[in-house]
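Have a look at this one.
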Amino acid sequence: LATAPIFELSKKGRRAATLPKCDVPTVELSDLLLEDVLATSPPPLPELSEGDVVRHFVNLSTLNMCVDTHFYPLGSCTMKYNPKRHERLARLHGIGDLHPYSRVEDSQGMLQILYELQEMLGEIAGLPAVSLQPAAGAQGELAALHVASAYFADRKESRTKVVFPSSAHGTNPASAALAGFECIQLPPSSNGLVDVEALKNAVDEQTAVFMVTNPNTLGLFEKDIAKISSILHDVGGLVYIDGANMNAILGITRPGDFGGDMMHYNVHKTFTGPHGAGGPGAGPIAVRSFLADYLPGPIVTKTEKDGQPYFELSVPPKSIGRMRSFFGNVGILLRGYFYLRTLGSDGLRKVSEHAILNANYLRTRLEELMPVPNADRCMHEFVASAKKLKDEKGITAMDIAKRLLDYGFHAPTVYFPLVVPEAMMIEPTETESKETLDAFFETFKQIISEESERLHEAPESTSIRRPDEVSAARNPVLSWTACVKD
Amino acid sequence: LATAPIFELSKKGRRAATLPKCDVPTVELSDLLLEDVLATSPPPLPELSEGDVVRHFVNLSTLNMCVDTHFYPLGSCTMKYNPKRHERLARLHGIGDLHPYSRVEDSQGMLQILYELQEMLGEIAGLPAVSLQPAAGAQGELAALHVASAYFADRKESRTKVVFPSSAHGTNPASAALAGFECIQLPPSSNGLVDVEALKNAVDEQTAVFMVTNPNTLGLFEKDIAKISSILHDVGGLVYIDGANMNAILGITRPGDFGGDMMHYNVHKTFTGPHGAGGPGAGPIAVRSFLADYLPGPIVTKTEKDGQPYFELSVPPKSIGRMRSFFGNVGILLRGYFYLRTLGSDGLRKVSEHAILNANYLRTRLEELMPVPNADRCMHEFVASAKKLKDEKGITAMDIAKRLLDYGFHAPTVYFPLVVPEAMMIEPTETESKETLDAFFETFKQIISEESERLHEAPESTSIRRPDEVSAARNPVLSWTACVKD
Amino acid sequence: MGYLYNTPEQEREMLDVIGCDNIEQLLDQVPSDLQLKGKLDLPEPMTELELQDHLTRLAARNHCDRVCFRGGGAYDHFVPAVVDEIAGRGEFYTAYTPYQPEASQGSLQAFFEYQSLICALTGFDVSNASLYEGGTAVSEAAFMAMRVTRRDGKILLSEGVHPEFRQVVETYTRELDTEVITIPAVNGVTDLSRLKEVIDDQVACVVFQQPNFFGCIEPGEEICEIARKHGALSVVSFDPLSLGVLKRPADYGADIGVAEGQSLGIPLQFGGPYLGILACRDEFVRKMPGRLISLAKDRDGKQCYVLGLQTREQHIRRDKATSNICTNQGLLALRATVYLSLMGPEGLREAATLSCQKAHYAADRLQEVDGLKLAFDGPFFKEFTLSYSGDADELVKRAADAGFDIGPSLKHFPGAPESSHDSVLIAVTETRSKDQIDALVSALKE
Amino acid sequence: MGYLYNTPEQEREMLDVIGCDNIEQLLDQVPSDLQLKGKLDLPEPMTELELQDHLTRLAARNHCDRVCFRGGGAYDHFVPAVVDEIAGRGEFYTAYTPYQPEASQGSLQAFFEYQSLICALTGFDVSNASLYEGGTAVSEAAFMAMRVTRRDGKILLSEGVHPEFRQVVETYTRELDTEVITIPAVNGVTDLSRLKEVIDDQVACVVFQQPNFFGCIEPGEEICEIARKHGALSVVSFDPLSLGVLKRPADYGADIGVAEGQSLGIPLQFGGPYLGILACRDEFVRKMPGRLISLAKDRDGKQCYVLGLQTREQHIRRDKATSNICTNQGLLALRATVYLSLMGPEGLREAATLSCQKAHYAADRLQEVDGLKLAFDGPFFKEFTLSYSGDADELVKRAADAGFDIGPSLKHFPGAPESSHDSVLIAVTETRSKDQIDALVSALKE
């Protein structure tokens, strides 16, 4: 009952929220607002009691797997533990309730936090100029590509192409296209890394940016990244580092040091902003000094007032403009700030070391069961292939993924990156113990020993079984009204 | 894995909490404290990571049914919706973090709340003198019985007996015994009500107190309560109203008006203090004016200072003393205060009216399936009997209770009160809708149509099946160490 | 402090399995000349206790204790406790994109309900599962209009649209040939005659805001009609709370409705994360950006929810995707879902009515103050523009010193017309009391 | 506002099924002369928004912003955020007594773990699932000792036991013939020679506190030894946090350990709800008051948890029960469980060590202030008694005016010896910094 669609729980005349009586003299609304803009009745929202609302959503929540309840090795998503202290602190009076148009003199605490975060992110990137504005990684990419455009326009260079490897996240080409670039995809390479020769052939004076994830989506560090960067720089192009996999290299190596000119962070991945069932994220970008003037703003600057540090908001002189209204996804940025302030440099490096340790341990063990193409080491994640299992026993990556749910593990990312057949992309993160990894391995082993028929039917124990996504795509029903009409 | 006993999750050397470095000059502890009081090593608590602690307890929580997730018609417990706003407000800075020894001038806001709560509870009871101190209903009973003793002692009367009906809560005799009284139980009556004649025979000048729940544990209003009170008062005794069932009579009738001299409230039942999986509660007591001087303290008194109301703590002149340290279970009292302030007198009466409506509706419907002995109306709860089902089909109250869990309903209270065979005590509360009651009825109907063998095996779908409580009682294992030893 | 799970002993065991002597060997994957020499230059780590003290000190340097009459697109509406309780459940906030529907029905159903509630609220047939915030929602709507109309020549933006939203459109379109034309506001509302002059068959859409940035009520129906006549789409950026009393966008003919959803139970938190709402008519659904949740059936025929129409998205279409957005604002959409479920039709109507009534009382009373008058004549909803005979910032400061936050001053918005430089916005929500309004008036009279 | 679920229409339908015309008819069960005429005289109802405003105003009249050096049995220890998060889950706080173990394994296992953690913390074999708070725990222990020893003649209470705990024992025993005798403290600790004089074979137990109310370390081992020699049980009321560094009660020979558990992750909230801890040796288990959770097997042989030894309890034994307590402090026991799980041995040791070191630093520095000196010579843990040359309340006020909470003054405790009237308690926890201690000292020097 409680998890029936909320419109079905509605009963005319029920109320949850009650509002105070009006304490000012009231006037007929039709005297205040023109009759023809007024609705004749309020919108047909469902009518519920408060307890029913609570029971509905609490019950819905229990239908989710999440980091708080399960191991969630979803590759590329860095599903690490989200510290509860961050949730408490982000709600603090003076933090959670600060209006975005608070005067600068009324926001010095917040501006200090954001300034310090800019500085820390610049240091971790090795790219000193930071804008916290982008709302998510994809918006960070778009912002950086606009920065590149503005930079080249300023230099009167006409560059129309963005190049990326075939293993790239889909947002890379989508962002490049949205920023008006032509997208050039490199052919897949044999070793999972960027093919330096292919890259050389692909770039020229029309190339604006090469976008690369490093470590890449196979969990491999692009060992030729310095050479790659030189190739780009030699033709006058820029190197963009997709920071989705920063969890592998914190304090170990820096995009700015290996040749990147621009990058974004995913604060919700690397720095524990909770994933929120799909968002919000935050996608700050860091760039080299010569690109600083083009950053979207406002950014926080530090000055002095009466001998004390004083923080202000300013827009870089040649800014590409705003990516969004207000300052940014501050709530998520705060969680990144809390995380960095509690870890410090040693703690941050340990994060990556243990992310790598966990990934390699699980990789080594799982390789007994399934090949992990491309190398015998990985960084923070790896991509195994179920191709052999499929060929020999008819077990697909999807079957294994679904069956894992029955055993109380969230599934890895499957069928990405596209360059590995029957890909299972596994990222344990540093916030899991050997015990959990061992249990995951044992379960994996158990699963592939099961009858393939049973696996095709998996999952068995979840609240629903496999949905028919094909007919849902053909005939989408996207709202309650549409559903009632049917 | 996550729900394994927490000691099994321990790994030597793991840490969750970290504490700051010491910023004062340090001295060897053995120089500060005598060597022989120091432990040689810290206590052998488990060693865990923070995320594992979270995952463990979040997963444990999902093994509970609760009001937030399920209909929970546990008779006598008033499992109503616990408003979320109360949780938010009880945590407010200035409320949740106030030290119990804050100076009176530093606690005026809190003291005002507690004073207003005393006043409101006095008004609802019709018994003007209130002490908020008792930590739970049972402690309220004990406190009131001590008040009675002190009152009689003051009057130089020697009264040694406490009388109660056979349907009384077990805490009534337990509290009476603890307060040094002899317990006299009335024989069961034929109509579920106090047998006035039996009572007359049972009381005399040795009788200190008659303890009665009204409405009683069968959900029936003791219609002779005025006469009952007279009988007690005629022999010089006092009438104690067990307030467990106050949810039935708020604003409809008052213990003080129907002859009660003393009563306790269960704030966690009637006034939405959440039940906390077994506590904390709060059991304030209200008494007639002539008993006020004996109340446990401190209580809050209102005076004036600089023309403004000013609140102080004071101990009644002939107080029986403290029932506990500090003021009381303030956190729970606050929730009662919030509730009363949001409902007001009309809202409060509606609570009882709808509690009665829901109970009678469900009673009427369920009577199709199972007899509800004793009357054709009830107050806020009723007691059905599965005796006929047991005799005819071998289905016990326990079977039905267990099977309800499979269908997503918490079970009613079973086998209480003792006076009804195969008792199922059902209290829907006012915070459930007709839809829920109808679904419960349909489920009930479904269950009694099932094979009795299946019902004996129920529940099937819970995280465990029926436990062997007999061998657990014979051979209790009460701690991890004991369990490891075994 | 840190969040390590493996003990040194386990680290040793794991390295043995991997076949390494130490973690450094695993780092060999990074060429040694690229490895960072030395340490990152970051502040010393803090424990939870120290961090809490630190934050408490910093929070005290932000002034949030004044009575809030501040607006400009983010408002001090009441957030019921139930919203925090639900959004605070780890099952929602520590889950991710529902790639495995069998393990994500909680989020999926909640987002489906979000879409349904937004449809009920706006009158549109279909809503996506949310976008970043109001400004990007306007941009995405403009891009969508270009796809629908197959016109990329011009976009018309009313000056009544939030200036920051307009800036976002400027940024998003900077590499396109599309011309972004601002239709000025006259007496606080879109200049219809100018709009009629400018509009032509190259225009993909006309974007306006209702109530607009100055608080004024736009002639929405007429704007939509003008757009329709020229084959352009009408895009309205609405205040969701206002729909407790105002006509729904779909009901007055808008083609696409977008909104900043902050007023639906989302805390102010210095500007984000907020909620971008986008809804439209059925026929545009395949041109819509962002995630969509669809009803489906599982293998046993049981009703369930899945990610729908993913072929529009960038992980399948890559550079041909409808947008580069790859998440929704899940947790904020959840907040709005819970908020709207609690409010229901009557609650929303009351909240809107109270805001409106109190705003009008405040406007009346504030005009008693010397030097203050309403900048525009037309009707407004919960916010209005006040012009001041002196410096607008000085007025804001006087209010602040007396314990009230008003504003922002319009002059701080780039491109604000000179005529607005003496003006401030005043927003009044249902959380304000008559006493507070009266106190503000008294303070400004002094 | 209200919490009604049935609409007027449903009310009608339900009344029809019941066979009533209106709800008033249902109320006929209450004789009409007993029905309340008119309405209860209660304040007008408030909405959530109004209540929040009201509470915010009242909260502002409580002073909680000073630096806290206040003690006397309730302490400003740090509460990690994880504790709030877990205890804030509806699954725990809106469940009740686990009468249906199949639907309550979450609470049952948590309470079993609580019992186990308390055993690990104290060294005892068995802990109950908690009692109301420290004072009633002492009383229950004394009653338990009477049952175990079959002696009800005398109970000896050290003057070092919290005076309010002692008052509770007085109340609980007021109708018994049992004599409650206070053993005075000399130089802040239990007078052993007086104890030896008083103790005889009628004494059921000797109760002392470690560290005691004055902050001093008691000669625990000797007190236990004296009790044992006379066939009495030793009951110690301990500070659970102190066991990060102090010897465990069972290890120095105590028979029963009780405690106020507030320092284990429980907020101050003006005195409650707090947590009563009670643990003892195996052999006393059937004389123990309160709820016990036991490991068990289900029908399939799976490990599970159930309410154990219920035959001691009042719903079965009624007037013969070991106690009238019929619940535990479930949510507080859960908080302590989570707290101890987070702290682990090292965390608890650090918290205890920090409190101890800082308290000693504070004591040293405070004695620099004219007129202040330690009241007692002996060792202390995190709290100490300071005697003052002037009026103790005036000292507390001076500190308050400068932004510090100290105290309480001992003279406010009924029965406080005359000699203590110039004294205040000072408690220093791990949450205090050197700067704060130095600032307190400076303020008092002025």
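To keep things simple, chains are lettered A, B, C and D as they appear, and every chain counts its residues starting from 1.
Here is the rule we use: a residue touches a chain if its C-beta (ideal position, glycine included) is under 8 Å from a C-beta of that chain, and two chains touch if they have at least 3 such contacts.
In this text, all values refer to a predicted model and were calculated from it rather than measured experimentally.
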Legend entry - Which of A-D and B-D has more C-beta contact pairs: B-D
Inset, instruction - Calculate how many whole Å lie between the centre of subunit A and the centre of subunit C, each centre taken as the average of the chain's C-alpha atoms. - result: 19
Inset, instruction - Calculate how many whole Å lie between the centre of subunit C and the centre of subunit D, each centre taken as the average of the chain's C-alpha atoms. - result: 47
Legend entry - Inter-centroid spacing, subunit D versus subunit A (mean Cα positions, whole Å): 45
Legend entry - Interface hub residues of subunit C, defined as touching at least two other chains: 1-5, 10, 46-49, 52, 80-82, 85, 88-90, 430, 433
Inset, instruction - Send over the residues of subunit B in touch with two or more other chains. - result: 11, 14, 17-20, 49-52, 54, 58, 62, 67-69, 81, 83-85, 87-89, 93, 431-433, 436
Inset, instruction - Pick one for the touching-chains graph, please: line, ring, star, complete, other. - result: complete
Legend entry - Contact set on subunit B toward subunit A in their complex: 1-2, 9, 11, 49-52, 54-55, 58-59, 62, 67-70, 81, 83-84, 93, 408, 431-433, 435-436, 439
Legend entry - Residue ranges of subunit D in contact with subunit A within the complex: 1-5, 7-10, 46-50, 80-82, 84-85, 90
Legend entry - Complex interface listing, subunit B residues touching subunit C: 11-14, 17-20, 49-52, 54, 58, 83-85, 87-89
Legend entry - Residues of subunit D touching subunit C in the complex: 48-49, 52-53, 78, 80-81, 85, 88-90, 430-431, 433
